[in-house]
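Chain naming follows the written order as A, B, C and D, and within any one chain the residues start at number 1.
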Amino acid sequence: MMLAPPGADADPTADPFAVDCGPHTEATETLARALASSAAARDRRGGSALAERQRIRASGLLTLAVPQRFGGAGAGWPLIYRVVRRLAAADSSLAHVYGFQHLQVATILLYASVRQQERLLAATVQQNWFWGNATNPLDRQIALRPEGEHYVLEGIKTFCSGSIDADMLNVSAPGSAPGQRVIIAIPGTRPGVHPNGDWDALGQRQTDSGSVRFDRVIVQADEILGPPGVGGSPRATLRPLVSQLVLTEIYVGNALGALAAAAAYVREQARPWFDAGVARAADDPFVQLRFGALWSRYQAAAALADAAAQRLQQAWDLGESIGARERGETAVAIAAARVFAADAALDITAQVFDNMGARATAGHHGFDRYWRNVRTHSLHDPLDYKRRDIGRWLALGELPQASLYS
Amino acid sequence: MMLAPPGADADPTADPFAVDCGPHTEATETLARALASSAAARDRRGGSALAERQRIRASGLLTLAVPQRFGGAGAGWPLIYRVVRRLAAADSSLAHVYGFQHLQVATILLYASVRQQERLLAATVQQNWFWGNATNPLDRQIALRPEGEHYVLEGIKTFCSGSIDADMLNVSAPGSAPGQRVIIAIPGTRPGVHPNGDWDALGQRQTDSGSVRFDRVIVQADEILGPPGVGGSPRATLRPLVSQLVLTEIYVGNALGALAAAAAYVREQARPWFDAGVARAADDPFVQLRFGALWSRYQAAAALADAAAQRLQQAWDLGESIGARERGETAVAIAAARVFAADAALDITAQVFDNMGARATAGHHGFDRYWRNVRTHSLHDPLDYKRRDIGRWLALGELPQASLYS
Amino acid sequence: MMLAPPGADADPTADPFAVDCGPHTEATETLARALASSAAARDRRGGSALAERQRIRASGLLTLAVPQRFGGAGAGWPLIYRVVRRLAAADSSLAHVYGFQHLQVATILLYASVRQQERLLAATVQQNWFWGNATNPLDRQIALRPEGEHYVLEGIKTFCSGSIDADMLNVSAPGSAPGQRVIIAIPGTRPGVHPNGDWDALGQRQTDSGSVRFDRVIVQADEILGPPGVGGSPRATLRPLVSQLVLTEIYVGNALGALAAAAAYVREQARPWFDAGVARAADDPFVQLRFGALWSRYQAAAALADAAAQRLQQAWDLGESIGARERGETAVAIAAARVFAADAALDITAQVFDNMGARATAGHHGFDRYWRNVRTHSLHDPLDYKRRDIGRWLALGELPQASLYS
Amino acid sequence: MMLAPPGADADPTADPFAVDCGPHTEATETLARALASSAAARDRRGGSALAERQRIRASGLLTLAVPQRFGGAGAGWPLIYRVVRRLAAADSSLAHVYGFQHLQVATILLYASVRQQERLLAATVQQNWFWGNATNPLDRQIALRPEGEHYVLEGIKTFCSGSIDADMLNVSAPGSAPGQRVIIAIPGTRPGVHPNGDWDALGQRQTDSGSVRFDRVIVQADEILGPPGVGGSPRATLRPLVSQLVLTEIYVGNALGALAAAAAYVREQARPWFDAGVARAADDPFVQLRFGALWSRYQAAAALADAAAQRLQQAWDLGESIGARERGETAVAIAAARVFAADAALDITAQVFDNMGARATAGHHGFDRYWRNVRTHSLHDPLDYKRRDIGRWLALGELPQASLYS
């Protein structure tokens, strides 16, 4: 992803596509390059990326969100999201499951009791756990029932990203009270947990986001997170915001990846159009114009995502003292970052092709995966309802209601 | 510009349209509100806003950019641009001449000799000078000739924003060497300086950006800035970047002003559409959707402008040690912020009308001035050449050439 | 509006901006040029364009929509809309009142009894009546009451385009049955009819679209149109569709006018950008690129409007045999043409400035009037509800409900 | 593709997605439905669609462009393009090779001698030939050399759409004079013709647009088309225009296909969003709004393509009397239709997903193929150079130079 301009010195800041991840920049860059080398081929294949998941485990980057008191890196959210962005530029599927690792850690921090936090997060560091999730709130075919001294989980969950090869799984289910929901943290190898391996979408093809069947899975009482549990405190409602910014960074990262790939292709492989009157494709004024327009938009998406991450960190740092206003305004800021990034990334990943030309459509390049990834992932929950939430707040001062999506 | 949501407490952070200007927030807000109250009427009238210029003088905000060693506030660029943004939301014309005040101060800091800096900036603080400019580099009908012990300036300058009622004027002219240019700092009341009062554009109507005739104006040798003078050092080439970010904030501020005005209008005056099935216009889902989309875009423009201002400050803080790479990359960052903000502001200032409806076109509201201001000001120099510069850098690693526009 | 390319022969088809109005092309072109010469100045002034209205009367083009059996030209709708388009490129205000002339004639043809048609349309031809309207369906302060052998009209109507200097006026009011509405055709000089002359909007400034006070105006029974009257037959519901296409052509015409003005300005007055490396502004590749993009969009708007006019003609030609499906599908086709044209025209009239450059903002050119006209006029009724109507039909097969707007 | 609205009668005009192909509507519809049933599956597979090519042969639609004097249907271009559109909505790959069939017939009509026309077109009808092409003008590795009484063709051609299973092939090569080019019409089974079967692009996956190796292929003198040959007469320069409109209709058709598929999916399979407050996804106001916006844009693209096809027909009908102006203006009209349709189709095929939601990304639906097809095919030659050509004409009156692309 290095841009080596002719005659420029070797100053690493010369790479427009570099992502500053603070002390983790080198580890992130090394991992990203390793993933990038096979990303196009693996996208075509789909299925699970077991070797690459091992590489993520080996990178030391799985514990960034774990507080230092549990042995983790205790990195702030802005830095963590930068890592997700850089990885998404290289391999959007693995960036997704990597980003969701931190969402699961946040789930423990927000929903679990102090004792559970200690147990689960210390083990996350010591055993280098890779977490998956089965927490789609719209599932209807899952039930958790008390049975003797424990509980039994039975049913089907869908969109369970990272569920295959997961050391641990967060699973959501209806609780015993009406409208209540619980999240359960169990080993991915627990008997009765059967990922169906049925994920075959048009993008994000190696996220293992298929369904999981739970066949009389035994759950211990202290595997049910809480108190406070799901939404059990104002602070706990930050969880969907952590998630929404992971989504955002997937879009930002794909836009970055597409631009970097297109710039390299134009410089190294594209032919100038016969009627352009230039010797190199990169000298074509229309190519330069479009790169300028797309880069401006990418930069805007990245700057807004950065600002939203700062905002989340401020809300996070308020701890239990967070109020409805701070929570709601943070939700608005993050919603704005997400809808903007999604639109920008869809257009950028589509329009880079105009700069690359017809030969760039050859399947082996896999250049369409950036668009397919953004298109798939941006449908997670409808962007229009995010826009409505923002607009309602702007027009009426009404803060978005905390939900499992906002 | 306060949004008072029903039932919300009076926490000032409740205003989505507030602009954080650090220690100068209150002075800025007070000035902005004073300007806003008559902005629509004065826009229709055009001409000079002498009373409002006095109010700016009285605000204490004219010396923000003057270093503390000369008695000024020594504020950083990010803060100064925030003040410009807030004023532009209220009155884009006066924000323009206010923003250009700081450009003139920067001109002294970048082009003038140490002795000139001392003399001019100390006086700027002590006498609360309001600077104007006559520095359009494309003018051809201006000449500076040595005559005895001094010089004589003769000719016409165009687009001389803030030239009427200016205490001091920066004036550019060809120097004695081929291709050389000089900038001269003279009192606006110097005999022979005749602003023609001929500014009558479709927007930015009270910027006094008309032509100035220089009729055998005597110029002393030490009124010619330098060394280093125009472009006489790498650091000196930062001047157009300071200017480009003023332009950017005018767009961002108008977008903000339009959104704030539209939100207030929708809440207080707009009627719901008969077929909308809602009791209040602000409850219309399409109105909310559009506000959400426009706000996201505004936020992106503001975040990118903020990031570019930080970048400028870093370059500025390098002092004379600034190199071509830092200078060039800063230019790219600022160009990206400007082209993005211009596009966003054009669309936002146009589309707010769809939320307000037909009655909002009544002339006395003056709601079209936001669009007219952005449209006028965004033509300062062609945005496409900024896009090309960015794209050339992205595709080829070639940094933008420092010019009087980039 | 002629484009005289260097070295091209004088073939009139060489003018890309020409509008084919069949046998009325020459009269239309002559009128358009006469209006264009003073359009910018009159836009600034606002108020009534009495001399220009006389010129329209003298053009012979007021009776195009009157069937030949009443002495009119009996022109089809597609041709009439082309005349509106061409006039809107020259003078959008007068094109508006001219277009609404035909809407008033259609009102007579659709709502009036056979005897009323005969009386009113024959006189329209013989006395060359210029019709105005006062038919805003959302007005609440107007009443028509029987009083002895006649009726009395009392109250206020708003948005009464063409009401000043109108020979005849169509006026709408609630009827005697609940929800019923009537339209009354009376002379504009009838005692008690008082246009308030209070139109002062940001665009469409010479349409005289202000309010009219009706001060105990005597109305004869046979001045109330019908049967069938308002919405009294399936065919009668075509009236809003005739109106919606007039709106559409105002947008299309302004886009055309802006493009023609910009092309002439670029060719004749604009300076090439100093960094463009071309001798003439018109040779700038970015200028050409943008003209190409904008022209494509204009052409699409014009083609879709043409197709919608053909569709309206087919529905019109069905006479009383028109069914709900034909009516509804025609409404959808016209709604699509209008929303598309509005979006396109807003962008085109804004973006032509990027091709013209900063000097084109000088007030005397009046180049912003195209945008202001489109912006004002496109708020007539909310475009989003047209989009919703189309989408509802596409998703569910539900035809738009006939209303006074659709 | 039928939309059966609840309670509507069976009137076939109720299908918004129907395409009127005149007397060939039924045959086209039958073929389209047959292709559609397996299109998604075949898109995933790629490779050659031999069975479906047979079905096209059996449809009787291969000879539409052949004049009646040679036994063909003698259909006009507007009708032929409608057939391409309808097929592209069903199966974009096969619509492409089907559309290019008519381009090859046009090639014979425009380049071939009268005797060649007679021989080749009569046989096209009698033997129901399916033509392929190997006419990429940018190929450099192909040569035609005289050898004894015949010629030998040797080398590689790329982007040879429809070359596998082609009964006949048009092949382009440099002629003997400098800059000259010839087209050769030979059987696809001629010894030495070796399609490499190497087409594996991200879209248009069953067009067999890979490379063909010509291994000492014997060519008879009268297999070289002409006189007039390539560009040998003003009329002959119409060939690229015929081609550009085929491209255009592929985009229009994919947009139509995506909208039809999305409308059906929303009606039949999509779930309403939990926060939408509606019982059916199709009742969601945001879904309706987006359908309305996208449909308007589709309609504009279709109307402009229709108008361009009419324009081509007029130029075609001029025969040898066509002049530079008519040719050039037709080229501009077609360029405008193509760039508009490409932009519209890219956005439409991307944005339908927002209406369908996350579950629509499941791979078996294949809903992304519309976007991939448009994205691939719209890179045929750079759209920016079409925009430039249009803009140059608008700004300067310079007609586009006839080339092999314009």
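In this text, contacts are C-beta pairs under 8 Å (C-beta built on N, C-alpha and C of every residue); 3 or more make two chains touch, one makes a residue touch a chain.
As the structure is a computational prediction, the values presented were derived from the model and not from experiment.
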Interchain contact steps from chain A to chain C (minimum; 1 if touching): 1
Chain whose average C-alpha position is farthest from chain D's own: B
Chain B and chain D, separation of their C-alpha mean positions in angstrom: 51
Interchain centroid distance [CA atoms averaged], chain A/chain B, Å: 38
Contacts with two or more other chains, residues of chain D listed in rising order: 285-286, 289-290, 384, 388
Sites on chain A touched by chain D in the complex: 138, 159, 200-203, 273-276, 286, 290, 346, 350, 353-354, 356-358, 360-364, 366-368, 371-372, 375-376, 379-385, 388, 403, 405
Touching residues (chain side chain B, partner chain D) in the complex: 285-286, 289
Touching residues (chain side chain D, partner chain C) in the complex: 3-6, 8, 11, 13-14, 16, 259, 263, 266-267, 282-283, 285, 287-293, 295-297, 299-301, 303-304, 306-307, 325, 329, 333, 335-337, 339-340, 344, 384, 386-398
